[in-house]
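Below are two complexes that have chain A in common, paired first with chain B and then with chain C.
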Partner chain A sequence: MDAFLLQVLNGLDKGGAYALIALGLTLVFGTLGVVNFAHGALFMLGAFCAVSLQQLLTISKKIKDPSVTFFDAFKETPYMEIWFGDAGTAIISYSVPLSILLAIPVMLLVGLIMERGLIQFFYKRSHAEQILVTFGLAIVIQELIKVAFGANPIPQAAPPIFAGTAPVGHWIGLGDAVVYPWWRMIYLFFSGVVIFAVFAFLRYTTYGMVVRAGMADRETVGLLGINIQRRFTIVFGIAAVVAGLAGVMYTPILPPDYHLGMEFLVLSFVVVVVGGMGSLPGAVSAGFLLGILQSFASMNEVKNIFPGIDQIIIYLVAVVILLVLPRGLMGRKGVMES
Partner chain B sequence: MSIPSPRNDWILMAVFTAAVLAMPVWLAPIGAAYPDLLQKFAIFGIFAIGFNILFGLTGYLSFGHAAFLGVGSYAAVWSFKLLTMNVLPAVLFGTVLAGLFAVLIGFVSLRRSGIYFSILTLAFAQMSYNLAYSVLTPITNGETGLQLTLQDPRVIDNAISAPGEGLPWTELFGIKMSGYPGFYFCAVMLIIAFFISLRIFRSPFGMMLLAIKSNQTRMSYTGFNTRPYLLVAFVISGMYAGLAGSLLAVTDPLAGAERMQWTASGEVVLMTILGGVGTLVGPMLGAGIIKYFENIFSAYNDQILHGIFAALPDGIEAVVVAVTGLFVGEGWHLTLGALFMIIVIFLPGGLVEGARRIKSFFVRRSLRRHGIRTDQPVTRV
Partner chain C sequence: MTKRDSDNPQGFSRRQALKLGAVSTVAVGAPAFFTRNAWAENFRNDPGNASSVTFGFNVPQTGPYADEGADELRAYKLAVKHLNGEGDGGMLNTMTPKHLKGNGVLGKKVVYVTGDTQTKSDAARASAKRMMEKDGVIMISGGSSSGVAVAVQGLAQEMGVIFMCGLTHSNDTTGKDKKRYGFRHFFNAYMSGRALGPVLKEEYGNQRQAYHLTADYTWGWTQEESIKNTTEELGWKTTATVRTPVGAGDFSQYITPVLNSGADVLILNHYGKDMINSLTQAVQFGLRDKQVNGKNFEIIVPLFSRLMAQGAGDNIKGILGTTNWNWSLQDDASKAFVKSFGQEYGAPPSQAAQTCYVQALLYANACEMAGTFYPPEVIKALEGFKFDGMGNGPTEYRAADHQCFKDVLVVRGNENPSSQFDLLKVVKIVPRSQVEYDPKIFGGDLGPYKV
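Up next, the complex of A and B:
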């Protein structure tokens, strides 16, 4: 039971990331009808928002170290510390959560530019061409990041207050062996909040209602005199923000490097297909489901029975689901059926 | 494009053969006439031509073709290790094994179409890649890659003659398969592959595939079961990839899992698109151009760039070098991605389509000059 719970917990945070990316993919697909292979790159861009803020905050200058008295020793001290003292140090240590503030406008802008600059010309083209052009864009973004930040992963620290682990097992009376890193717990909570916010936005705001109407019947909504195109463009921006935020918060869990996006993209696409193309709840639940399955597959007990299963479980599940349930777990009739 | 007729096809075939065999001559002025690169042209030409049989004729976009390339390579290297250094069995094994593998994957993947098919093939390729890296290490030698060793049994070779000193070379009845002989072997394979592809394009089977591409539902209504046709096309194109993979092993007898990665699948898609999807010579053209520029661009560095732009004023020169420096050397992939986008956005038909447009522009202009009205577009076949 302990081991079981531990694996579920371990799968949840990765599942959260899958769910957030898949949610954005599905939103874009549902509104604009575009298959966006560059969505993983947006996740990666978000992660690098956190990296750049951290690098910005820690711009330092060499000052004399007063604690060394024998000779003139210099140490790198960030300007933040010179200017604000301990408050500056605290700000630096909170750079990852603070990056959210930076990531929201940046990702929104990136999303809008991408939609207006490229995606809008591909509404009417075939899915194959959409895949190819966004695939090319993803390569371009990833190579630019490589030029700017180098090829090595850049570790990011979670704020010290979230270091260590949460005694989850102790809380629910299952023994002290079941512990869960605080930051992963935060991530899980955060992805839950974002997912809830997106659903609430679509469900309970007039704006969201119009968007949903547009997803169901774009033409009629247009005939009612609503500029549905503009709303869809903004939805694309929101999807970019969601992917970006997922990336920002994931940096303490996995140090970002330039091909982070590609790794997550392939998996997220599988998640979308498993969940059912065009179904938001499907995308979210499939994200968590596959995250948990992956973590179960990496247990030693399972690996002893099926060697290598941890490497292929997600793809295997996708193949089985696609063959048994052609529409995915929650796909609606008539979406992407040719 | 001329009208397809048996006579024109033979002319095309003859021109293609001459062009391929004479590559060391006519590619010399652009600095591409050395064996290693020529071998790559031929090998990736085969890969792209095979991919085009699937994507160009049926419209099914496979994102997992690199898996077959990898299988072909592994099979060929194993043939070198276990049987003989002769390349013919290696090529045969590589092609056949990739074909069998394609039957398996195709049978499952072709149950779905459109983007689902792309995801399924991608999933299978990623599975093969991950397995080759982890569990299948006894067969694939994991990260190190499969290589020849001195302890290999090589039963056929050793039965005929005593093993020589050092690692043996791949050979074809005594001719060492490196340098120009290696290229000519690949070139002959390329010509055969091109001929088969030409015959497929002109055959009733090829017409059937094109019909599936334009309207699969209608094909089903007329009583055709489309799936066997698709499967055959998929397997043929998988065998082409296997052939290309085994030729990679012939020219350099080692095989690694990174050949199966999905970026490799993306590359063959780009080659085909760049040249022209569904055209005969397009994929070969695309493969050649990409491999050529990959080779040239990756070799550039800032010093060479400074040399090239030395004539410019200093300030401008620094800027130009900084900007172009992004796209060459390590940044070659950036060029590749940008090229990918530009082609898909502006020239979805690829270079062949571009050439056709230029040609029809000139034809129309000369007609106009002779006072012939050209309100109607010039009909092309």
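Up next, the complex of A and C:
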């Protein structure tokens, strides 16, 4: 039971990342009809918002290290610590959550520029062409990041208050053996909050209602005198923000490098297809489902029977689901079927 | 007057025939005597009369072992500087026996080209091939992965260019995959096991349950095998051995099963960024705070370096492992190298840097000993070469498998560092005799001198 619970938690936190990326991916597809293969790059750009803020906060003064006598060695002391003492140290240690404040405007801007600058010219082109151009854009973005930040992963620490493990087993009466890292619990909670916020925005605001109407019947909404295109552009920006926030909060779990987006993009695209193209609940459900399945496939008991299954389980399940349910778990009739 | 033999219609006496034979032998043999070292036309990338000779440094500049790669490249650049008579000379001042004169190699200035192995065998081979075919390198060195080392070593044998391995720890490199054109200064997984065993027994006793997480390629497999054999000899039980993909990043799905496996020791057969990530995540999952079977849960990293310790931060404190060399050693050679490297780059060298620096010097020295760049002669100069003053005490390049034999260091993550670089504490210097083995146990065949 303990092992089962741990794998579920593991799957949920990984699934949280898949769900957040897939949510943005399917939102863009549902509104603009664009298959955006640059969406993984947005996740990676979000992660690098955290890296940028951390590097900004830790701009340092070099001070000679007297403990090294063989040669002239220098210790780097951040100006934040020199100027603000312990308060400066505390601000640096909270750089990841603070990055959210930076990532929201930056990612919104990136999303709007991307949509106005490139994507809008491909609305009426085939999906194959959209995939080609957005994939090319993703490669350009990742190479730019490689030039700016180098090719190696850059570790980001979670705030010290979230170090250590949460006594999950104790909370649900399974004893003290079942523990789970605090930051991963935070990530899971954060994913839930963002997903809820996006759904609430679409369901309970007038703006969201118009967007949903536009998703269902774009022409009729346009005939009512609403500039649906402008709203869809903003939806693209929101999708970019969602992917960016997912990237920011994931950095203490996986040190980001320029290739991070590609690693998640392929899996997230599978998640969208399994969930059903254009279905927001489908994307979220499939994200968590595939995350959990991947986690269980890594258990020794499973791998002893099916060696290497942890590497292919997601694709295997996708094949099975699409054979049984060709539109995915919650796909709508007519979407991508022309 | 010469009497002609009636039975000899051509008129040659036996004496004349013998004289003619002797003269012919001298005439045919003379050019070979006067051009004793003239293999000029027979080997790839012969520098001939050029004023310089090119070395190829093929290191991981991207991928999970990129930190080691960057330090290796720093060391190579320093070695080239010292070979060309620039800088303070570093270990050229301590190396014995030494045939190098500080004027390049065989009077030719050393220049170099670099490549990125990307920590991938295919990329490493492609990069090495480019160096051999386009850049005209006389020797290749580098690599921070045994997969890469084995792949490039095979290519080196095919192309007839000597490969001086960088950091590679798999038993296979000088075992089943050994090659005549490949040489390894670094120690191997078998030696790590032999060196670590007695210390593990002393620290953790002989009633333990070990769980292995292993990088899924040649180095991981052989290290897992060597450490497993060692711990089982101590009386430990192996709960599970789990293979993980190289560069996995998030190891949580592999770490959670450890929590309830009954194991009280986690052995991380990971290196570089993989080790930093897996160790950090193991600590995040609270493994080091656990008590299992009435004992403190322990983590062991059989191979680690100061660079990894730096990346892992406080998580490495107290953890046992082995290393090829550490900058805190107090012999003259280590001190000279640390000073030279530190002045150049502002930080002490890693074990990867030391092994690469030494390899570059050893190759150059062997060329001077052979009096030629002709690979078969250089190989013969390296085989069985005994040397000292390179930071590891008396060392020998064993002719049978091209593996260097020297003392091995057992280290622990320093709990009370005296400086920002003082991250590893040497627990024990295990003598060479304790880690030596019969080359036959790993099989393999070196192959021919001439290719």
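The rule is simple: the second predicted complex is superposed on the first by the 325 of 338 C-alpha atoms of A that agree within 3 Å, B and C clash if a C-alpha of one lies under 4 Å from a C-alpha of the other, contacts with A are read in each partner's own complex, and residues count from 1 in each chain.
Quick note on the criterion: contacts are C-beta pairs under 8 Å (C-beta built on N, C-alpha and C of every residue); 3 or more make two chains touch, one makes a residue touch a chain.
Since the structure is predicted, the reported quantities are computational estimates derived from the model, not experimental observations.
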| item | value |
| --- | --- |
| Touching partner for A:270 - first (chain B), second (chain C), both, neither | first |
| First, second, both or neither for A:121, with chain B first and chain C second | first |
| Which superposed partner A:255 touches (first chain B, second chain C, both, neither) | second |
| Partner chain(s) touched by A:311 [first = chain B, second = chain C, both, neither] | both |
| First (chain B), second (chain C), both or neither touched by A:322 | first |
| Which of chain B and chain C A:35 touches, first, second, both or neither | first |
| First (chain B), second (chain C), both or neither touched by A:179 | second |
| Partner chain(s) touched by A:138 [first = chain B, second = chain C, both, neither] | first |
| Touching both chain C and chain B, counted on chain A across the two superposed complexes | 311 |
| List of chain B residues in touch with chain A within their complex | 59, 61, 108, 111-116, 118-120, 122-124, 126-127, 130-131, 133-136, 216, 262-263, 266, 269, 273, 326, 330-331, 333-334, 336-341, 344-345, 348 |
| Of all residues in chain C, those that touch chain A in their complex | 61-63, 66-67, 240, 242, 245, 249-250, 252-254, 256-257, 259-260, 273, 276-277, 280-281, 284-286, 289, 311, 335, 338-339, 342-343, 346-348, 418-422 |
| Chain C partner contacts - residues on chain A that touch it in the complex | 2-3, 6-7, 9-10, 13-14, 65, 67-68, 70-75, 151-153, 155, 163-165, 177-181, 183-184, 253-255, 263, 294-295, 298-300, 303, 310-311 |
| Chain B contact footprint on chain A (complex, rising order) | 35, 118, 121, 125, 127-129, 131-133, 135-140, 142-144, 146-147, 262, 266, 269-270, 273, 277, 307-308, 311-312, 315-316, 318-319, 322-323, 326, 336, 338 |
